[in-house]
């Protein structure tokens, strides 16, 4: 097994679909999809999505790997889990979208790299790795500046009112980041986990 | 699993508590008010030692699946040290991750093995013996509203409140056996009960009880989700709500802080306070509006709510 | 091998709907003694509550009338209403069945003159109309009830109205003191024909059946369209009694769904097309949208589908609606994704009918005996169980015609069991 | 009945009858006009009331009872006395409950009802069954596939001798070719073994079953209990009832060129695929290689107006089964099922899910073409684009089922039009539904299915006046048109089952065959006792023809919906009693009143009509005769009474077995004695007919269309006679129809023949 998903040579070549079934958390249940549309119809941000989960699943079956991994559908999941609880075939739709996003990042799809969610996640996981905690302040700033200094300042300014208010009422603290005591322990565990995942074929995210 | 036998007002129930990162920041007022009301309703929390971030729902996009799950596994491993009692969280995202990782460890042997191998690298282990629960479910299934009602000395008479549950508090686990089966996904009643117990009037036909506020996407790209927030504000306002009440820190923040942006985009004029049910409880218990209810940490005026507690 | 006559040659049929009645009559008309036990006060079951059958759009009561006449004329058929099986002992050819009866409070000498209903002031929800309307507490279940006998609702017992009911009867047919009772029957074979009940639409919470008055289920639609229903056959929306001009029919409401009924209920597609025909027959400018996953118009029923498809005011939309929201006026707004166009819709309707599936009654009230059942609660006797059989929807989700077929087959199996001819 | 008829009349004053009319006046009609003894009781159906009647019967003073009380549809079991004819006069539902109490017109109606019943009593006798010689209890089963073998086995298990006839040299039918079968019992997700060999072994080992293979039926004559059958091998047999289980054949794939059949040898049918699976080797014809990618094309011919308009029901399940088998044998094989609507109804949904779980890929769309390279171009409905499915090694066309309602291996016989009539479409399943109108433009109605007659020889070659074929529905299935009575066809004692009746799978076929045997056994047992079958089950009367008066007009033999009457060598009608369903259509057809039943005749009905007192034209009391179908219109009128709806008391209602039994002579009788109008109430005729005797109401409508001229010649308005469609659910509508008709007649003024 390779860590990279196979690229189908023709329509309904199942190589990609099978890879998804086997390598994506809950992917095996995707085979049960009967294309009823409940997930897409239930989706909070369906209007922002190019395909919606239902059609995306059909495209996976059809082997449309590039279209799937460059789709904005996988980035617009707000994790409301309506799709998961309503799916008549118990397909864990949201989980699958999350994992597909991971795959898109891992396989270097350009769309994935420019997604705001990716950048936010990058900042987020940096904070978790470094401090063991999410420092909302640092995560936000990192995220704002992920597109460069000037864009960052612009964004920062847009949120400055909110940030100022937060600070004023004590919902954004000033000072050193919160952090856990045993940061070494956490780092070792996460490093080991990444190693195990790589061993199984999935890489452990962008370095 | 602590079996809720009889309900006794004198009995104190002990749980291991996982606060989550928001409790240290944007959700500080939830943390304050929650901690304030706990002793009154007979609940004692012991925090997970040296807890870390749960990874939330998007962490794995960058972190990978197993490493992200390892965050929760480490917390569970520390929670197990606190004893066999149930682990409780209040943040839906924390609950989702921690519960999910816990259930996966319980149900998937190879995952359990991998995870323990990773934990071992930090000198830790976890066997899946705990039960991770959302505090709202605990309130419904273990505590009951009678225990809350007994403390109400200043009922919030005349206050109309829209109970906004949001997504992840319920979904996708509230209807499952290990999720406590405490309410329905579409027409939940528990939050209305939490509101009603204070003497306030819950808006039962509030249509957006379980609509999405945009979650993390609101924090990232609010322009995508302002429409979702507008719907919540609109129906609450139209139904005469004096406040929106929620159990979720992210919901509270999203619905509260984007009101200006919503107004700008939709030409509206919303200015409606968004509070936690624990804040309403603290007020109705006659506790200090600032020290206990942390009302000052809300970003929209809450005078009317505070004034209602008489 | 010699033919050994079993101890009892009587066949017990549990359930007096179309399947039970068919099994009983087919066996009786071949010369066998049959006992029918029916839980309700009248025979006829679910089909008596239907307005018409697909695809002929004929009235189910027409066939019931023939069957009731056949029972009336056939002394070999014994009918016990308000009776259920409480226990079964023994084996093929020699069962002892304990029958439990609930009080009707009306004796067999009732002439159905109706004086008790006139005397009674208390009104109770009408079970025949799925509680959509009311009836007097002393009531004839419906105008074709068999047996043609009144019932006194338990709600009224112990109230002054009960005494009025009793006093009104010229024939001393009211028995207010009647209690639950049991008796035993010796039979040689048992056929379960306990039928189905509509899946509880309240459990499909995204569809807000309990919260939106104009969201009804398919069996309620049948009552609305029936001449003897709560609206005398006019399809009117429950909220305000107005004529619905835009109607949605939602398939698989509870069926084909792991959260509800995992199987396909088979009849709903056709039943909904029939409902579209009801609406189109009544209102010239009405439009009907049928939401579906797959249209299962099997065998010759395909013709009915083709007929409906050419109607420009009937639209088939391939989509399982995700939810029904409450519109600004409190009416239903059906939301979801059209899977053939990828369009997201939020369409308001005057009336939404949920095609709720068939849940076997045996899944809810388990048979009071050891009998094979599948995971869904349908009765599937073990292959070596040669004295107990299932007929109609008790055996699986099937339509009326197939139920009659199944019931006729069950009659033969029962005959084999009691005649001792099988080897 | 040997003893002379002595009639006792018993009137009930209960349930409001006594309040509506004065019992004394009713009694006077009985005693003064009919000179019969009469007794009234306040509750005749009660034990005391019944005791009064029983006492008279036991004392021997009464052997025919007229009960003037509630509708004949109620209290049937109470008013049943051994060896005693009971006639019921409906004074409750259709008089007291639907007309004002104490009113003169209500009284006159009650009196007339009593007069009619007493006349009926005078003109009828308790029927005695016709039992004539020996009756066979052998069940003949035609067809030795799943349906036939099951039928043979089940009939034997019920204690009957069986004669199983199979056209082929071997038993087993199509199923003999099957590798495995779809699940029909739990677990519904698992393919099950083909147990046809076990069934064949069981049947052939059963001493009660006689098997004839390589044999067809040459000729069938006679009737239930006495069918005389000749076989192709020259032998003959007498059998009691017949089960036709001739099954199906696959649709001719050479007509499916557009789906690639014939383009490449690697495009095969599902039947050919099944052959490969049961042979244990699935290989391409072109190169003998095992296919790695297999595409199943659903609805190959089915659901297509140019081929088979119906859905063949089983093909989705069959393709799923075959795909699962391929993947079980080699998990690397890729299988696609290209469908338009996936039809796995009922618990078969689980089978669909099993296939999904096993990695079978489902594509929704229409196949546009299949080329030589086996590129299947699919108009993919869910991807919303045209998808060329390339790299396919084998294409399987899921061809549908064609019913074997004829023997296509034998030549089509030359038959005259009259004998082919049963094969013409008498219903159009595509006739438009009734709509209130269209907001925009109405669509063109779907073209009716072509009225093509099936090729091949008749299966049973019935030596019936109405031809050798079993009647078929539009698409060639020898099925019933009834939903509640799927076994009731137009040839009594002959029951079809399995796919010759309706497309169905093996599980359902076995059940269907069991049901058909039930009916066959019932036919046998009732034939031997002279008892009628459904819907007049238990009726002992039968048509008797007075040949002395017969004009050989042949109307009875042509119109009998069940082909029960043949013509003998002298062209006289000859009734085959056990084929007869007792509807009386023959009686209605006969222009010279020569056909009658012991308890039902033109004379009886005519006399009842004449028994009604017709007030003279100055009384302003018109009289309208209603002849109502006893199964639908009459109960609906009862139910109007039960719900206390009121309608004109000027009508006089007579229940008839079927409108088909209404002779035009009765209408002229009614008009000539002064009735102002006649209303026939019967079931819906035509497409989706609802008449229980198939054609009765349709025949009546046709007869009536000719009555206008007669009326004109009598100087009467043709609208004085009308036929209305009445369903059993019309209890609210019929009172309105009646009142409207009475008002319409009022406009014509009184019948000028009054008083003649």
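Per-chain residue numbering starts at 1, and chain names A, B, C and D are given in the order in which the chains are listed.
The definition used in the following text is that a contact is a pair of C-beta atoms (placed from the backbone, for glycine too) under 8 Å apart; a residue touches a chain by one contact, two chains touch by 3 or more.
Here the structure is a predicted model, which is why all the values come from computation and not from measurement.
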What chain lies closest to the overall centre, CA atoms only?
C
Using only Cα atoms to place each chain's centre, name the chain farthest from chain C.
A
Just the number, please: Cα centre separation of chain B and chain C in whole Å.
45
CA centroids of chain A and chain C: separation to the nearest Å works out as 49
Taking the mean of the CA coordinates per chain, how far is chain A from chain D in Å?
63
Which chain B residues touch at least two other chains?
185
Could you tell me which residues belong to chain C and also touch two or more other chains?
206, 256, 318, 323, 339, 342
Residues of chain D touching 2+ other chains?
342, 382
In the complex with chain A, residue positions of chain D that touch it
334, 336, 342, 352-353, 356-357, 359, 361-364, 380, 382-383, 387-391
Chain C-facing residues of chain B, complex:
184-187, 205, 207
Touching residues on chain A, where the partner in the complex is chain B:
25, 44-45, 47-48, 76, 78-82, 84-86, 94, 98-99, 101-102, 105, 116-118, 120-122, 124-125, 127-129, 132-137, 140, 143, 161-162, 165-166, 169-173, 178, 180-182, 184-186, 188-194, 196-197, 200, 202-206
Using the touch definition up top, name the residues of chain B that touch chain A in the complex.
21-22, 24-29, 50-53, 55-71, 73-74, 93, 96, 114-115, 117-124, 167-168, 171-172, 175, 185, 211-212, 214-221, 224-225, 227-228, 257, 260, 296-299
Touching residues (chain side chain A, partner chain C) in the complex:
34-42, 46-47, 51-52, 54-55, 82, 85-86, 88-90
